[in-house]
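In what comes next, chain A is part of two complexes: it sits with chain B in the first one and with chain C in the second one.
Moving on to the complex of A and B:
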């Protein structure tokens, strides 16, 4: 009987750890494969590569279309993040601890872009802007991006406001500090990691946005993910592997940095 | 002490103007009889609902979401379980491996699968060198390829809520279940799974919504042979310039996603009440 129990427990462990190991490899392998293949000396995406070189990274120095798109994406993501923080943080403060039905309704509204198909929203925005006669421009792109990125700022900020010790704010007020002074000297420093984490995720998700950019960009505002997608649809260009390698390394470094300064991983759950 | 609701007014106004109003215009355009947009009718919706091709695209897309979500759950649950039960030193490594794909560009992640599944990719070179096949298999542009790629791309959305749910479970319950003579599997199905149900449902909802709307992965790994709703909308709107029909498909798609999300929300609330009871 005891041996049977031991066997069952062993079987359970083997299945669970086996599946966990499989998904670990599944999550990690694609990034590794891209990094390895980006150093190929050949002209194809053959894996393993026939030899190794930096040639595809060197080729990026002349890839002006990709550089142009990357520059646009960075600018749009920066503007989107700034506007998302400006609009999202006050709104998060307002609804974080409010139990009213109106606050709950606003919360659901602000979070809804996370689950609704962004492509439908992108098309709706295009129709809206063309109806009011506003041609697509960096401005329309930023507006569209803010709608789908502001939920990330809201989510992490609301979580950090919910953890605030409100007695701190009350004692600050009772000592005669003005609301603005209390906000600047006590509230803001305490919720700053939450805002930072949200701003970081908003930035990454704007930089990576496809479904909204698809409808709201034109040749002058080419976006990096869309440029890469169109390149991949046409031909399998190895320079895309080099771009991907750069993006993986930058993402990983930023992620580790944000983990240090804002405890990113705790704020994503 | 709390903040006034009026601090939310700027964002509420922004959403009213740039989120709700565009969606209302989408609805208005979908109710146009033709591309001239001069008379209103429900003809775009009847065209969709009586067209076997459109219906099959919708059904195919919704079913793709089920396949991806199931695979994510089967692989993601043990990973979250390993995170919670494994040694403390492994946790930072695991969290980086889970978060990196979430923050890496979706085009990059999809590109990785093109490299892996291609004719000269890692799977085919392994199969060829093991002598399991003489000619490279076609893995790209197959439904199986799309499901596996999407599962990897969306897995973090499943794993993160599961980690939260599993960390909340009192470890003593495991010991209690074992002490009462329940085997490992019985304890797992009767204690761990029911108590983590809120996390399972939250993870399934996020993965499902993300999988069926994943334009880039669907189009690059699926290729031209397989048509899913997002690409269908994009083609009708841009290549064919048929705005009323594109709007109608978008509305149908929005409604389908909303229905699925509401079902998960209701189930989530029930399961939370159950887990806390």
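Moving on to the complex of A and C:
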């Protein structure tokens, strides 16, 4: 009896560890392959590479089209993040503190871009902007990105406001603090990690957004993910692997930084 | 301390509150003198926390007035009321050190840095936490957190201090220490204090006066010994301390004493029936006689109440017996225990007498 339980437990552990290892491989292997290939000395995306060099990273220094697209993507992502925080945080504060059905409805409304197909939203917003006579421009692109990125800021901010103990705010008031003083000294510092975490995800999500950018970009706003796809499609260019390598390294560094300042993984649970 | 030793007076004038259709408080009036510590005591849902939140300004009452030093504060939001509060969970600001927590209220009031520094040091000395000034709240024990919360609330020299079940989160030994500590600090600062609690021992030991609340009504406001010895209602008698309830019929009553014929057989001499809401029992009424376990004695006499021992517990300083009477009612007796005294065996037949008729309160039973 005891022995059989031991066997069952062992079987369970083997299956669980196996599944964990499989997911690990599926999640990490593609990134590893792309990073390894980016150091190839050859002219193709063949794996394993015939030899290793930094040539494709060096080539990025002259790739003005990719640089231009990367610059655009960074600018759009920065503007999108700033606007998402400015709009999302006040909305989150109002929604998190209100118990009404109206607040719940607004919550669901603001979250809907996360579930609705982004391609249909991209098309719809293109039609909408031309209907109201707003030409496609960096502005329309930022507006489009904000709609799909603001839910991340709201989600993490609402979660951190919900964790905020109400008695802290009441204590602050009883000590003579005005509402604004309480917000500045108590509320904001305590929800700041949540806002930072949301802003980070919003930034990353804007930076590699394809579906909305596809419809709302123009020649001036050539976006990096789309440029990468076009280059890959047209030229099978190995420098794209190098761009991927750079992006993976930058993202990982940012994630480590956010983990330190905002406890990112705790915010996303 | 530079506080006004008299403290501010607090008047609760016919305050009533309802949540929707549910009545939380019915016309409560009570006056608290400057420097006094008054407990609001009652079971959960009695309205004590609602009343505390009304005094703090977190809830606007449906009717009635709150006056501090004779001035109405009903139109003042919490941050203008100078009412300090210590919550059950202490609500320390987790991102600030102990010193910064204590300084917070002074900073919010725009005091100068030197004034703040001096006051923070004074408060740290008062609660004996000078060595922990730079710690974060999460690095403190429960008792230390509570002292910080108290120091933070007192730093701004509140006119009234509200304590919301402040000892509930502490374990038993620490609780007693902190009760003594809070009483010491309250005496030193001379701050008028309202303590909300459901713990009768806490209320009895700390309060100058106790307001017993039940279902939104003020049942009694009196000194602890009066609450215990001369409860104004059956509820107060049963909620504060333990008591034996003996049903019977009132036979006769004078201004000083009365005689009750117990349903279990026999007559007992008691205090005059206690009037509840202006109505006292008259002879012939069904009543209950309430007698506390420590006011009963097992005697060798034949006259008295008869019962059979169900269980005897030697509790160190006292011996507690549980008896069953002929009608099946259970009665507890607590007697001082002499050296080597053992409880009586189960099944023993014994006779009981009250220590004095004055220790037996008579009420009309609850309708």
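We take it that the second predicted complex is superposed on the first by the 263 of 269 C-alpha atoms of A that agree within 3 Å, B and C clash if a C-alpha of one lies under 4 Å from a C-alpha of the other, contacts with A are read in each partner's own complex, and residues count from 1 in each chain.
Quick note on the criterion: a contact is a pair of C-beta atoms (placed from the backbone, for glycine too) under 8 Å apart; a residue touches a chain by one contact, two chains touch by 3 or more.
From a predicted model like this one, the values you see are computed outputs, not experimental measurements.
Trainee: In the overlaid three-chain picture, which partner chain does A:127 touch, first (chain B) or second (chain C), both, or neither?
Mentor: Only chain B; A:127 stays clear of chain C.
Trainee: Tell me the contact category for A:247 with respect to chain B and chain C: first, second, both or neither.
Mentor: first
Trainee: Name the contact category of A:22: first (chain B only), second (chain C only), both, or neither.
Mentor: first
Trainee: After superposition on the shared chain, which partner residues are touched by A:228: those of chain B (first), chain C (second), both, or neither?
Mentor: first
Trainee: Please work out whether A:189 is in contact with chain B alone, chain C alone, both, or neither, and reply first, second, both or neither.
Mentor: Second partner only, chain C.
Trainee: After superposition on the shared chain, which partner residues are touched by A:165: those of chain B (first), chain C (second), both, or neither?
Mentor: second
Trainee: Which partner chains sit in contact with A:31 here, chain B, chain C, both or neither? Use first/second/both/neither.
Mentor: first
Trainee: Is chain A touched at more residues by chain B or by chain C?
Mentor: So, of the two partners, B touches more residues of chain A.
Trainee: Considering only touches as defined above, state whether A:218 meets chain B (first), chain C (second), both or neither.
Mentor: Touch status of A:218: no partner.
Trainee: Identify the overlap between the chain B-contacting and the chain C-contacting residues of chain A.
Mentor: 170, 173
Trainee: In the complex of these two chains, what residues of chain A are touching chain C?
Mentor: Per the touch definition, chain A meets chain C at residues 165, 167-168, 170-178, 181, 185-186, 189-190.
Trainee: Which positions of chain C touch chain A when the two form their complex?
Mentor: Listed in rising order, the residues are 56-58, 77-85, 87, 89, 91, 93-95, 104-105, 108-109, 152-153, 156, 158.
Trainee: Residue numbers of chain A touching chain B in their complex, please.
Mentor: Going through chain A, the ones touching chain B are 5, 8-9, 11-13, 15-20, 22-24, 26-31, 33-34, 37, 44-48, 87-88, 90-91, 93-98, 100, 102-103, 106, 109-110, 113, 115-121, 123-128, 131, 143-144, 146-147, 150, 166, 169-170, 173, 201, 204, 207-208, 210-211, 214-215, 224-225, 228-229, 232-233, 236, 240-241, 243-244, 247-248, 251-252, 254-256, 264-265, 268-269.
Trainee: Spell out the residues on chain B that touch chain A in their complex, using ranges where they run on.
Mentor: Interface residues on chain B, with respect to chain A: 1-8, 10-12, 14-15, 18-19, 21-23, 25-26, 29, 74-79, 81-82, 94-109, 111-116, 118, 120-122, 125, 151-152, 155-156, 160-161, 163-164, 183-185, 188, 205-206, 209, 212-213, 215-216, 219-220, 229-230, 233-234, 237-238, 243, 246-247, 250-251, 253-254, 257-258, 261.
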